[in-house]
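Please see the structure below; I have some questions.
For clarity, chains are labelled A, B and C in written order, and residue numbers in each chain start from 1.
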Amino acid sequence: MTNLSTPKNLLTWDKGVVLFLVISIFIGSFASEYFATASNLSFVIASIAEIAIIAIAMAYLIIAGEIDLSVASIMALTSASVGYAFQAGVAFELAVVIGLVVGLLAGLFNGVLVTVFGLPSLAVTIATLALFRGLCWVLLENKPVNQLPREWIDLGNKNIPGTFFPWATILVVLLAGTAWFVLHHTKLGRWVFAIGTNADASRFSGIPVNSVKLGLFAFTGLMSAVAGVVYTLRFASASPDGGTGYELSVIAAVLFGGVAIAGGVGTMWGVLAAVLSLGVIKSGLQLAGFSANALLIVSGGLLLISVILPRVTEFVRVHRSKASTIKRTQ
Amino acid sequence: MRALGRLIRVREVPVLLGLVIVFVGTGLLNPIFFSVSILNDILFGVAIVATLAIAQTFVIVMRHIDLSVGSVVGFTSFLIGDLSSKGFSLGAVLLAALLVGASVGAVNGFLVAYLGLPSLVVTLATLYIVRGIFNEVGKGQTIVESMVPEELNWLGLNRLFGISYLFIIVLVLMVFAGFLMHRTRAARDLYAIGSNPSAAGLVGIPVKLRVLLAFTSTGAISGLAGAVMLARFNSSSTQSGLGLELLVIAACVVGGVSIAGGTGSVFGAVSGAVLLQTILMAIGALGIPQFWQLAVNGTLIIAAIGLDRYLSTRVKSSNIMGASS
Amino acid sequence: MKKRKSILAAAVTGAFLAFGLVGCAATDEAESPATSAAGTTDTAEALKIAIVPKAINIGYFTGWNEGAQEACAELGATCDYIGPNEITGAAQTEFINQVIQQNYDILVISAADQNAIVPALDKAREAGIIIVTSDADVAAESVGSRLVSILPSEQDDIGTAQVDWIAEAIGSEGSVAIITPANAANQTAWIAAMGPYLESQYPDMSWAGGSLESATFFANDPTESAEAFASILAQYPDVAGIISPTTVGVLAAAVEKKAKGAAVKVTGLGLPSEMAPYIEDGTVEKVGLWNPLDLGYVAVYAAVAAKNGNFDGAIGSTFTAGDKTYTVVDGGIAYLGSPFTFTKENIGEFKLIY
């Protein structure tokens, strides 16, 4: 499925995304005087934290050749579980743990449907998107939970003293750092790439494909749960309709970051740079006066560029090498 | 041809079985469900998704996907009302809807076929772009009944032998598309492309052209589906069609149009849509508590997908599109 | 490979450096907006006001904004209509941040989520921005996060009025069902008022299924509303009336009723321009609503009055907008008055306005 030249191109795209991030930060500062303030940058980081956390896991999943459209619902279900437990009198710390466990179980459920029952992940996670969201309504009905402990709300909203980084940044950096290391420098990471490139061949070479996939779905569930806790704190509430539509933002960011939808290719750098870029661009454009509709069009355009550009560079590269080959033989 | 016929009959068994189970099961628990009027309600309510599912079939059998249909149908349903209220004739507004849909489809098709870009990414991008353009053009207006062309209004309100004209349109489209899919070389090539893309190219199928045409057709039908949507709701706004694409894909999968490509029929797609609509109505009729309804709906869709998978011949593990590697 | 890696590493370090540079050079929040000199007039000189709806692409809020813009023009302030294109707290928070960053003086907002936007509103308040909610308020526990709320009518009145309208239509006897969005704070309050009122005032009427809970069907958009209508008829074939306290729901119910030729009576909160055809042809006898233009108009006046030091939002305080004076009551809310009702007699006039 993937030819030998593709990894090289996408590595170029990953550098491209990082470069894009740098450029967009500078453009943002020039586009609007309001962009480059400490409070705005703090806000931008806070607003992409949840997407970044889920994207870390989604990247693994897509590289391995699967997908999970129910992540936003798992995020909301975690939030609903935390709220429900807290309202029932459980200590908030314990409620958070309960929420994380719920998310992990939801991810496992997805994983079992795909690996044990052999259902296609794209279709079945559309259904679990509805199921998990439905469970949010079962838990909270139409009564959101809002009286969360003040220290926790502050954790979700304030910056690390002396900097413009929200507390959630520490979480994102730790998770991203670990994920990067595992993906690019461990056997498990190589397995993930192998499975995405050719699952059958991987199985024949001894990789426990189904177990790995099951684990990745569980990991995705857990990360969605972590994002759900961050979301709950940032919005100081748990509501059954929280986080709707986040799954498309996560997938768009992962794809923009150079992860191929066909599987087998991608880097953690690219994904993180993509998530950050999209947040930066959105903020810059918004502050420069673009409407919410314009932002939609830009998001779509960027996504297209992210897949067209590597094709173009590949085209150019092939032609250049053809030309040089012809030259050498003359 | 006979082999093809047999294949199609096998492929649709799960969804038809599911339909029978849900309909009969619900009816036994709530006899009101057995009425003809409920059946007609289901057919009336399913018209939009069924039309879009027929369109989606063309791309799914090729192992592709089109996520932009929700934005397209919402946009054209608004556009028809808007242009009609400005004095354009029915023919003109329908043509406009068709052209808008076909253009989006052609863009999708070109990017997928000739630039080799993954359809999930391309159509996700056009989903955003079309929705953004739609919102700008729409400017928060609502299309109200007085702006709906009379003919569409009439189609939405009237029935032929008790079946809504909107579903009659679906049936006609289904028969026509089904005929195309089984009898014309061009359409049969789509199945070949979905089963084995590289082999298809090697045996002389003009893959790129077929893909382009398929996406354009999907877009065109989605554009016309805007007329069905407007006829059904007698209103439209910039919120129209939001999220519809996921429901359409679920309907196709449940109906045996395997997301791995290569099999499935428009009859299956329509049946899948009808099954999902029946489940929705059944949940309401069974008096399942409001707050449980979405969870039950999701569970039943999982069951429907599982049933289809179980009764079909594929059992190997697969990638996101269900293709065995 | 090594060379590529180091280029990549350099690029990433560059990115972080850039971020850090920009961040360090960043100026902290602008000094809090200067309060105007103590004056007794309500004119606003070049005040920057942000008008933030639940979502910008909804007709109802286009009307709301029209009213706000009218007030801004009269007061000489500059008003910007900005907002998300989906009704979620998370999306609206991004625009509240924009309001903070762009140093607006006043924020007039219809809360997309009564809880989720509270932390953002608190940040806006800390930055010295005057906040008035209009049309949809924050949760009762969080009223301290805004100065005052402008709402159409007493929550109870809006609920009980609709019960009266349906009673009129069904001859005060029969069962009644409700179609409403699932998690909307306003609707929840109105429906809570409907329950006891129907039971005490109309002994020959009842809630379909025996309780308010069984009679309430949730629907968040036209498709779901139409399905809810069908579900109601399937579960309670003898239902006499349906109330829908939302413009989306009542329109869908009217469409369904006409399409199916159902006998059930429909009423609720309806936009005259949308409901006109159904009132004119008798499908629906009466609906009601307030004028969203008024909500926007009055909110801007309240905020400017506060900015000029003439109004502090305390219970009992007053302010004027146009030619009316409004008083703040319990909960920090000022009400506009009772809803208008629209029938065959007056729909012709109102359908042209909003």
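Assume a residue touches a chain if its C-beta (ideal position, glycine included) is under 8 Å from a C-beta of that chain, and two chains touch if they have at least 3 such contacts.
For clarity, every value in this text was computed on a predicted model and none was experimentally measured.
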Of B-C and A-B, whichever chain pair has more C-beta contact pairs: A-B
Task: Would you kindly say which chain has the C-alpha centre located farthest from the C-alpha centre of subunit A?
output: C
- request: Just give me the whole-number Å value for how far the CA centre of subunit A lies from that of subunit C.
  value: 32
- request: Could you please state the distance in Å, as a whole number, between where the Cα atoms of subunit B are centred and where those of subunit C are centred?
  value: 34
Statement: subunit A and subunit B have mean C-alpha positions lying a whole-number Å distance apart equal to 29
- request: Please list all residues of subunit C that touch 2 or more other chains.
  value: 56-57, 85, 182, 218
Message: Please output the residue numbers of subunit A that touch at least 2 other chains, ranges allowed.
response: 137, 142, 291-293, 296
- prompt: Of all the residues in subunit B, which ones touch at least 2 other chains?
  reply: 135
Message: Please output the residues of subunit C touching subunit A within their complex, sorted ascending.
response: 4, 7-8, 11-12, 14-15, 18-19, 22-23, 25-29, 56-57, 82-86, 88-91, 93-95, 97-98, 100-103, 113-119, 123, 139, 141-142, 182-183, 188, 218
- prompt: For subunit A, which residues are in contact with subunit B within the complex?
  reply: 1, 62, 65-67, 69, 113-115, 117-124, 126-135, 137-138, 141-142, 198-200, 209-210, 213, 248, 251-252, 255, 260-263, 291-297, 299-301, 303-304, 306-308, 311
Query: Okay, in this complex, where on subunit C does subunit B touch?
result: 56-59, 61-62, 85, 182, 209, 213-214, 216-218, 221-223, 226-228, 230-231, 234-235, 237, 251-252, 255, 258-260, 271, 273-274, 276-278
- prompt: Of all residues in subunit B, which touch subunit C in the complex?
  reply: 30, 32-33, 37-38, 41, 44-45, 135, 138-142, 144-146, 156-157, 232-235, 237-240, 242, 280-281, 284-285, 287, 290
Message: Can you tell me which positions in subunit A touch subunit C when the two form their complex?
response: 11, 14-15, 18-19, 21-22, 25-26, 29, 34-41, 43, 47, 137, 142, 144, 146-147, 153, 156-157, 164, 231, 234-237, 239-245, 269, 273, 282, 286-287, 291-293, 296
